[in-house]
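Read through the structures below before going on.
In what follows, chain A forms one complex with chain B and a second complex with chain C.
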Partner chain A sequence: MPQKIHIRLAAHRINPSIAVNRRVPKIFTPGQVITEQNEFMRGHGTYEEEGFLKSSVAGVKEQVNNLISIRPLKSRYNGEVGDVVVGRVTEVQQKRWKVDTNSRLDSVLLLSSVNLPGGELRRRSAEDEHMMRQYLQEGDLISAEVQSVYSDGSLSLHTRSLKYGKLSQGILVKVFPSLIKRSKTHFHNFYVGASIILGNNGFIWIYPTVSNAEDNAGGFVQNLEQVVSRPERETIGRLRNCILALIQSKMMLYDTSILYAFEESQKYSVAELLIPEAMVDVAILTQDRLSMLENS
Partner chain B sequence: MALCEAEKTFVLHGVEENFRVDGREREDYRPIELETNIVSHAFGSARLRLANTDVLVAVKIEVDVPYPERPKEGKLEFFVDCSANATPDFEGRGGEDLAIEISNSLSAAYKSPEVFDLTKLCILKGHKCWKIFVDILLLECGGNLYDAVSIAVKAALWDTRIPLVKSVTVDGNNVDMEVSDELHDCQKLDVTAAPIMVTVCKIGEQCIVDPNVAEELCSVGAVVIAVSKDKFSTVLQIGSGSLHPQTLLECLQMGEKVAQRLSEALTETLSEINPNKNQDVGFLK
Partner chain C sequence: MSKNRELLSKIGLRQDGRRADELRRIRCKLGVFTEPDGSAYLEQGLTKVLAAVYGPHQVRGSRSKAQHDSAVVNCQFSMAVFSTGERKKRPRGDRKSTEISIHLRQALTAAIKVELYPWTQIDVYVEVLHADGGIYPACVNAATLALIDAGIPLKEYVCACTASLANNDVPLLDVSHQEEIIGGPTLTVAALPMSGKIVLMEMSQRFHVDHLQKVLDKALQGCKDIKSILDEAVKSHIQDVGSSTGWASTT
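== the complex of A and B ==
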């Protein structure tokens, strides 16, 4: 039975803000004076003009001793070495792939920084160069780690670990990179039957948990025959909608917040989670549980 | 944007399972947000947001001379502008083909006198008529453009107020008309029969409505069906794929059913609009 079609007036829009009785940080806009005193150092997102320190982006202030920086609310991804990212191959070039990782410039994945299928310590020969498109082609999604940052800010990636590589069936959700909380691990296997890769670049990959850690040759195999079962599919869809609910209310994403949102959302069907009221409700319930956890 | 094979497989299996990536069934629609009278200097306007698809429609009216072969009818024209803000593909002349396709489909859908009565726009037979320009601006593309545009156009036409003509005097070849001074003296258009377009997308062996971008990339072909009340006003195919006659029939049935539901929902929403209450939201909130 198909659901009712919802057309709502903009005047009846739900306010997604969940900052009911908590302090809302002040948001600086570009050009706004942050401080008139000049004993401060200018950090990222700021500039000096007429002796004043001004904001160059829209965001919140962060101060470490004398250093003032403005963290933008929305921005492209600024990579750091060691970050886990999810990206999409946009181009195959000589000895390298270009990967879209939501940064200002496309990232680079060198042929020499991947584990080739089936080969341990294989020399990357001319033959491999010709075969590059068979390993990864345009449109393929990969998980990788940032190996180094070039001087122009573009990233060099590597997938030299069995946990990285080509991604198979699942859903990609794109969020602002600033909403991903940095943590020890960005790979999570939830007990509910799905796994998630929280890319630091704001790309989130949700996929069915692979039961046995089979040696899939450095993650270059895609199983297109496998049909994801209905319960797994529901879990994945619910996770996706919960993540969208959390980002609508600008909540940080990490394993606990996503799992709490998943648990609080059980009273709704997956499709109902697209309705703004349900999304805000889930975000508020999650926020309550998180603050309870904080206070206990 | 490109999708890899595995992602396409996931979408495809989901459609077969009647459980799409966001949990919707095949005939489910995403929630829509609508605001009318959003452009204050237009005669009528509407903005519609369907997930990530964002459309702004404004209606402008001018006095014009009717076509000699149809002296009793006014004119209705559609113009679509694809903003490069929507996707970088629209930069330069990139969006032109799509714009022409959408405006042509709208003109075709509104052509029949049963759908939209152009004779109501006549001021003086053979001499003066109203010409309605419907300008459509695509601000963001998140899939399912045709449906979003058609609903927004219907809402904008519903919102349109045509100034009341007090008197028309003919003096030789000169035609003088006087428009009412009262700002609120105006008439509304009858849009009860204005068509609603539904895109039925074929993915694998099944058909779905309201595809998102990923689903559009997976589809082999789509049929856009314009439904006015309980009649089809236009049917057109987009994409390169071909359709089996039986599939086309199924698409038509599905499209009609969904269009009825959409039309009901839209009528209900439009009836909630209260001109005496300030319901303005605008772009900044």
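== the complex of A and C ==
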């Protein structure tokens, strides 16, 4: 099939930035002195040297009483208890799975913190340990919640709810974790016929909406026989391209922004949405609508 | 031809029209890729370098490399086959590349606060797209920007610069490829410019020890100048990204 391919010179590249002029807080860069006084406590992104409190990352200052920290605009995922994450199983060990969640160290999913098929109150036997690879094997994608954070910064996950579990058919989009807006729910069913999981760790899962959520036995079923119709796949593809457009212009991702981008993108075909001009156009239109929403 | 062979003309101009203490033009850009955690592109004169940083992440491969008290910094230097006048046979893995990789690691480890991330690994990949002298300094500067873009804590910027000696008297800053060919000893210095610490120093030829101090001072001054240029670029990048996100992640 012949396809149009665009190759452009670097000089013709467009600038995806849609930054608006707002009040800019003071920006600190590595090595810069934050304060000379000793009465402050040093938080993340800072260090003490020769009596000065200095920044170690590039970002803006956050102060809570006496605690000063510098938050970088972009970093690996720092987990917090209760976060929804999407991850990929990298290893099966004794009584636990190792999951890559875009954080500094691989997260742990203990066998004891998953719902096994056959009800909540099932005893875990040695049998289950041997069956672990049947439930989840290397390369599988899962959605989970952060149960606790260990002292070395690695996360312990759990899937003790029917919401969580193995993911079957859909698209994974990886973005920088800082672009995901924290909100009450990270599972969204869009009326357009697709659902989305906005993992706090920057992994976004787009999948066809399942109408019947009844036989979700512990969340380890992977129904690969189910045929996803073409319109549904187009919707999923369009959502993905909209998300790419938003992150190209560094816009925050949450249900409203994605839905607005989806609606504004209708004048383009799914493939056209990958052209940089179209992406910026969608981002600008989305931003306009969002600012209208804010002001009204 | 012999006239053109001078490092410094009588009126104090160099081959490319710079004065003795002038840097080449530096242009840089942060966040050029989406896949790595941090990335940067840097031009220093005609030398063009791309850097990408992955991490800190779980140590992959041989797990015995992981250290309980610090992160493992892993650097890989490579040169595109089309980057030099003569097409290169091997983009990486030859002796020169390996040496630069090791030197890069030495310079970056001095700046990164590795003790914050035990059991992890930080990968730095640097690729030279166009080599026109001063490859190593350009790589260090690009890698610094990429590390900052990745949000990895640094003690401060780590910058590098070259300096040479013309007519056995005048120190020259930021040596280009042509000046490297003409001759003259090249001193490469990587430093933490704010505290003035030197993390790496290398010489290609020898000159009299009496000249060392002034050439070294010149190179350190160059590092400081480069630092302020990079600082400017980082600030404008952060401002740009922050305004787009509405500073939302920082409320």
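In this text, the second predicted complex is superposed on the first by the 258 of 296 C-alpha atoms of A that agree within 3 Å, B and C clash if a C-alpha of one lies under 4 Å from a C-alpha of the other, contacts with A are read in each partner's own complex, and residues count from 1 in each chain.
Operating definition for what follows: contacts are C-beta pairs under 8 Å (C-beta built on N, C-alpha and C of every residue); 3 or more make two chains touch, one makes a residue touch a chain.
Remember, it's a predicted structure, so these values are computed and weren't measured experimentally.
Colleague: By the touch definition at the top of the document, which applies to A:V92: first (chain B), second (chain C), both, or neither?
Modeller: A:V92 sits against neither chain B nor chain C.
Colleague: With the two structures laid over each other on chain A, which partner does A:L285 touch: chain B (first), chain C (second), both, or neither?
Modeller: A:L285 contacts neither chain B nor chain C.
Colleague: Which partner does A:L141 reach: the first (chain B), the second (chain C), both, or neither?
Modeller: first
Colleague: Classify the contacts of A:I14 with the two partner chains as first (chain B alone), second (chain C alone), both, or neither.
Modeller: In the superposition, A:I14 contacts neither chain B nor chain C.
Colleague: Quick check for you: in the superposed arrangement, does A:V149 touch first (chain B), second (chain C), both or neither?
Modeller: Touch partners of A:V149: none, neither chain B nor chain C.
Colleague: Thinking of the overlay built on chain A, is A:L110 touched by chain B (first), by chain C (second), by both, or by neither?
Modeller: Once the two structures are laid over each other on A, A:L110 reaches no partner at all.
Colleague: Which holds for A:S168: it touches chain B only (first), chain C only (second), both, or neither?
Modeller: first
Colleague: Mind working out whether A:V192 is in touch with chain B, chain C, both or neither, as first, second, both or neither?
Modeller: It touches nothing on chain B or chain C.
Colleague: Taking the two structures together, which residues of chain A meet both chain B and chain C?
Modeller: None.
Colleague: So in the complex, the part of chain C that touches chain A is made up of which residues?
Modeller: 31, 34-35, 37-38, 55-58, 113, 117-120, 148-157, 192, 194, 231, 234-235, 238-250
Colleague: Sort out for me which residues of chain A touch chain B in the complex.
Modeller: It comes out as residues 2-13, 88, 137-141, 167-172, 222-224, 227-228, 230, 233-234, 236-238, 240-241, 269-271, 273-276.
Colleague: So in the complex, the part of chain B that touches chain A is made up of which residues?
Modeller: So the residues of chain B in touch with chain A come to 2-7, 9-10, 13-14, 17, 19-35, 47, 151, 261-262, 264-266, 268-269, 272-273, 279-281, 285.
Colleague: Any idea which chain A residues touch chain C in the complex?
Modeller: So the residues of chain A in touch with chain C come to 17-22, 24-25, 27, 29-31, 45, 47, 49, 54, 56-60, 62, 71-76, 100, 104-106, 152, 174-176, 178-179, 181, 247, 249-252.
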